[in-house]
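Look for chain A in each of the two complexes below; its partner is chain B in the first and chain C in the second.
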Partner chain A sequence: MSGGVYGGDEVGALVFDIGSYTVRAGYAGEDCPKADFPTVIGVTLDREDGSAPMETDGEKPKQSGTAYYIDTNQLRVPREQMEVMSPLKNGMSTSLMFEHYNIPAFFLCKTAVLSSFANGRSTGLVLDSGATHTTAIPVHDGYVLQQCIVKSPLAGDFMSMQCRELFQDLSVEIVPPYIIASKDPVREGSPASWKKKEKLPQVTRSWHNYMCNTVIQDFQASVLQVSDSPYDEQVAAQMPTVHYELPNGYNCDFGAERLKIPEGLFDPSNAKGLSGNTMLGVGHVVTTSVGMCDIDIRPGLYGSVIVTGGNTLIQGFTDRLNRELSQKTPPSMRLKLIANNTTVERRFSAWIGGSILASLGTFQQMWISKQEYEEGGKQCVDRKCP
Partner chain B sequence: MASGVTVEENVLTIFNEMKVRKAQANEDEKKKRKKAVLFCLSEDKKKIIMEEGREILQGDEGDPYLKFVKMLPSDDCRYALYDATYETKETKKEDLVFIFWAPECAPLKSKMIYASSKDAIKKKFTGIKHEWQVNGLEDIKDRKTLAEKLGGSSVVSLEGKPLND
Partner chain C sequence: MATGADVRDILELAGAENDTGPISKKDIINSDKKKSKKSTETLTFKRPEGMHREVYALLYSDKKDAPPLLPSDTTQGYRTVKAKLGCKRVRPWKWMPFTNPARKDGAIFHHWRRAAEEGKDYPFARFNKTVQVPVYSEQEYQQHLHDDGWTKAETDHLFDLCKRFDLRFVVIHDRYDHQQYRKRSVEDLKERYYNICGKLAKVRAATGSEPKVYIFDAGHEKRRKEQLERLFNRTPEQVAEEEYLVQELRKIETRKKEREKKAQDLQKLITAADTTTEMRRAERKATKKKLPQKRETEKPAVPETAGIKFPDFKSAGVTLRSQRMKLPSSVGQKKIKAIEQILTEQGVDLNPIDLVLVYELKQAHANCEYEQQMLQHRYEALLKASGASVPQSEATGLEGQAWPGVEEIKTEAKEQIIDVVGAPLTPNSVRHINTVTFTHAHPLISQSILPLVI
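Presenting the complex of A and B:
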């Protein structure tokens, strides 16, 4: 394929949205990514068969023995000496794309802008709460206001950490499914009774931790809920309980804990394990970001607060956010929260935006071709992809 | 960030016509001037064109704002130019407003294309002072929002109708 102008609608393009928890990838023109897999790589040494290498730091595996696994199924099978690591965030660097993979054309787009456009708005505040960060990104007329972005580390991983501590306090051991051969039903709250599989390979620490994390993340997704108002002991005690069973058979009813853990997202002052009170709750992240913007555009931002990211799917998140923001903004300010109800749209809104954009007939002239890159260098990317 | 969609010449002509407020002696000519126009994407989604049959003239009967709101499709996005007549305590004014209509129930593809092409059409409309991004029928039905955009709290009436009723 030459690096020139492409013919109309016959172009095939790939769209990648690399997050810290999952990677969404697929073909342009489709309504949802074909591949949605965790952003981790399994690396083994001394194996014969190698799988498709994922971009780590731009170097091809030099040793013929090293293998990289990105497919979820393969990664969940216990193997000897398999380390788990996260690829570098700079995996999508321009030079990597053009020089290493020899692609004919390339374009970079800010996820916040795509999410905003996918919701029919060219101006708005995108609140993205994912695994590692909760970020408020103001978008004005299709451009990100870089200086007004506010980031907080309180997100999915923070909650996983709190869940881990909860289990530690209950003296419950997190046992991933791969170890369990069989389990016996036990009464609620009693210690688990299970049998270990025989002939398990000697797995690495990082892999074991990865598997434990998946157990905790499942607990996180099914049990936790954000309360509508700031956490209150008495209200929480009356909360309906949810019954959850861990892979090893330990089961328990969770009531007040369901509300207590996610409270840390909105009100970090009570959360355990945080040094000092310098963390911003989600409501504060939004108001600080808008506060840094020009006063004239603030109504436009508050009028379109777009909620995206997997972490926002916790039950009650958007209602609580709505409440917090209406309390913090002046009464004359019109506040509107846009939160897509479907899981697919909320987690994939940026990807879907990219997919539609890349499939537009008129967009084909916007690609940066290999030729342009060779002539212009990296600067042409900065210029053409605002 | 743009999508590469272009704006047809006709659109620019219409804009210029609406912008210029000649001291018209001729009543007939004045009536033919456009009050509100809708723009949409062409069939092949490559150009922004004026939508046929979707316009309101100055001389038309009835409340122009209501008619304008009725003209907007409930399930697709549009761009619009609306020539608003409003009064403050001191004076009576007319101003052009660029409206970006993107209802929640429009298909995602439509929202995406219209949002990313908005920059292209807005650039052509030089000198526009007011822009409005509307995403639902409730928002656009409320005249007070438009009035606030035009002149803040000093606006007392819009299209001849007082606001506080």
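Presenting the complex of A and C:
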């Protein structure tokens, strides 16, 4: 609602947040995206359908028997002329937007800036732990300090890999649900007994892998926990176990493994499958990033450490991070961790920030209009977008 | 839910309120128009002086109402105000195009606005404020702003960034093209910018006026940042060490203060002793020459810096001199006992001031002796701990030397006192008395001092 009361002005903008795991899209001014779907596209074998617009991240096209596309009709865009906004770290193809889709105005913004706006701050250190990597990005006064960004590949996908190895060690087969026709209840720990579906289509390797990944990700989300202190065998043995059942019927209690696997995020030295000790734990990532910044702004950064990203929703992540940071910072420094408790806010904080930004009255002067693009070319995007 | 206004609108009745003007905040929240008129009518009468407030209230009250029979309506004052929505007709909204004066290209966007506000300016355009970054011409640069460390291209780049980022130097430093130009620190950039600003201000200012120039001290900023860096990078051990040192310093200072205080007290006693003895001497000499009546007048002139203060009796007429010797009640029990003991041993009836002085001097002396012993023991313990061996005699000699003055003065004072006191006695007995009094007093004093010291 406009009217000058809250500084809002609705022009009917769209906000896109294209991540490596999911794409979030919706209308500006709303508090959560209307569409949230995985960043994968399916292409059928015999007819090469036109690739949907969001494949610029270079996701490998998956071959499958049945074709899956991205469901863009969910947006239900009634008007033809619509402004489009998309928060991306790397440059999105501006020319694609203007020329192919004929949009009237366009704006790009970095995800870190939008995450901090969504939490009500213009200065802070954004710790984004998503699927592919964990990054610490310092934001000062609404601008990202590009030279102080620290990236680490230990994130959601790393966790999935470790879980997969765990199941391999337990010699348990991961069976995705589409294969299973029926299953029988079995005792804990004993091998599963299930019946395979008949008349399954010939699925490709990549699609099968994708389905198995969803099973593992479900396990990862529900079972894993980060311990409060650095991993200790005795302490882990005393932790309460969690019962989990795989789709094929195999069920087991997981105790020490629950804590051991996410420990790799914070302390990569004893994680399996990592070469050498060159990886940084999450605490180190944050302190390194702040250490590279100008010393005058460091208290401001430590005073608002914003935690976003789906991977941070693992139980105990924020507590452990808080503990590690308070150990590493000097005692005079005021440390404040901002972590929204709801799943929606943490996963979609960049999108929410974009929604807020696009509906502000004072933002309407910052759009890059078609006319400006025609006059200035791509350089104007670099100049105008922070 | 249809309100009265809506129904009237549908049926197109001419409503009671024809106020179809723009709704203000007052209409929605707490629109009680009747209240405003009442305040002008009430008159207040001043109560006459001397009349009590309550009496006046009984006779004349502000409101002139009868006392209330029904409970009053408290909804006006203490209730949280509720918004009265739906009190006027609906104002339609329209999807209309608009241009934002803050934009340079004049792009036309659309948004929802009230139909009544069509044609008005875009309200958010006034928030478009920018920082004033000075722009210099080529000529000005060649004449005034030339600098060896900075090329024109680099300076232009810097000013371009300043304009883009509104003088946020941290961000400017981050986005600075370090590959193309040299690696510059934040202070370098600031220094160059403020230098140019200052020079331009001076050059462009009208002749005769002194422009206000902001001086930037890059050296100071660098040092300050280095200091901050070191402060942040302190290890916890260093912090703990610093705190420990600060505490030690505080302890040392308190001990020093205590010592000084004791020395001062001691000094006071000594001066008191000195003055009394001097007065005594003066008195003695005076008595030889003058009449004994003069003694009375000179006695009260003795400065009472130490010892017991005796109240002066201001009674007219005849008084007994023995009354003046009565000890005031502020003297402690122990002192009284000590005094009595000394008196009985002396077998002499004296002016108690001197005795008290003696007693206090003895106390101070014993204090110092005790402290000396303590420090000596501690010193030896430290020496033993460090492995060095120092002969005993040296240590005692050293410390014995530290208090020569005091002891000399004390013995001197005592002798003088005893001299004065024991005028009829022989010199031998003087010494005897000296030691006897000391040894007798000592256990008493030491018993009393030890709890004090501890």
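Here, the second predicted complex is superposed on the first by the 333 of 386 C-alpha atoms of A that agree within 3 Å, B and C clash if a C-alpha of one lies under 4 Å from a C-alpha of the other, contacts with A are read in each partner's own complex, and residues count from 1 in each chain.
The rule is simple: contacts are C-beta pairs under 8 Å (C-beta built on N, C-alpha and C of every residue); 3 or more make two chains touch, one makes a residue touch a chain.
Computed from a predicted model, the values in this text were never measured in an experiment.
In the superposition on chain A, A:Ser369 makes contact with chain C only, not with chain B. Residue contacts after overlaying the shared chain place A:Tyr101 against neither chain B nor chain C.
When the two structures are aligned on the shared chain, A:His140 is found in touch with chain C, with no touch to chain B. Contacts of A:Gly361 after superposition: both chain B and chain C are touched. Overlaid on A, the two complexes show chain B and chain C touching the same residues of chain A, namely 141, 143, 361-362, 364-365. On the chain A side of its complex with chain C, the touching residues are 2-4, 7, 9-12, 83, 104-105, 140-141, 143, 145-148, 293-298, 330-331, 333, 361-362, 364-365, 367, 369-372, 375, 383. Residues 100, 102-103, 105, 107, 109-114, 122-125, 127-128, 164-165, 168, 170-171, 173-175, 186, 225, 228-229, 231-234, 236, 239 of chain C touch chain A in their complex. Looking at the complex, you find that chain B touches chain A at residues 1-6, 44-46, 77, 100, 102-104, 106, 108-116, 118-119, 122, 133, 135, 145. Chain A makes touch with chain B in their complex at residues 31, 109-110, 113, 116-123, 141-143, 300, 303-304, 334, 336, 338, 345, 352-353, 356-357, 360-366, 386.
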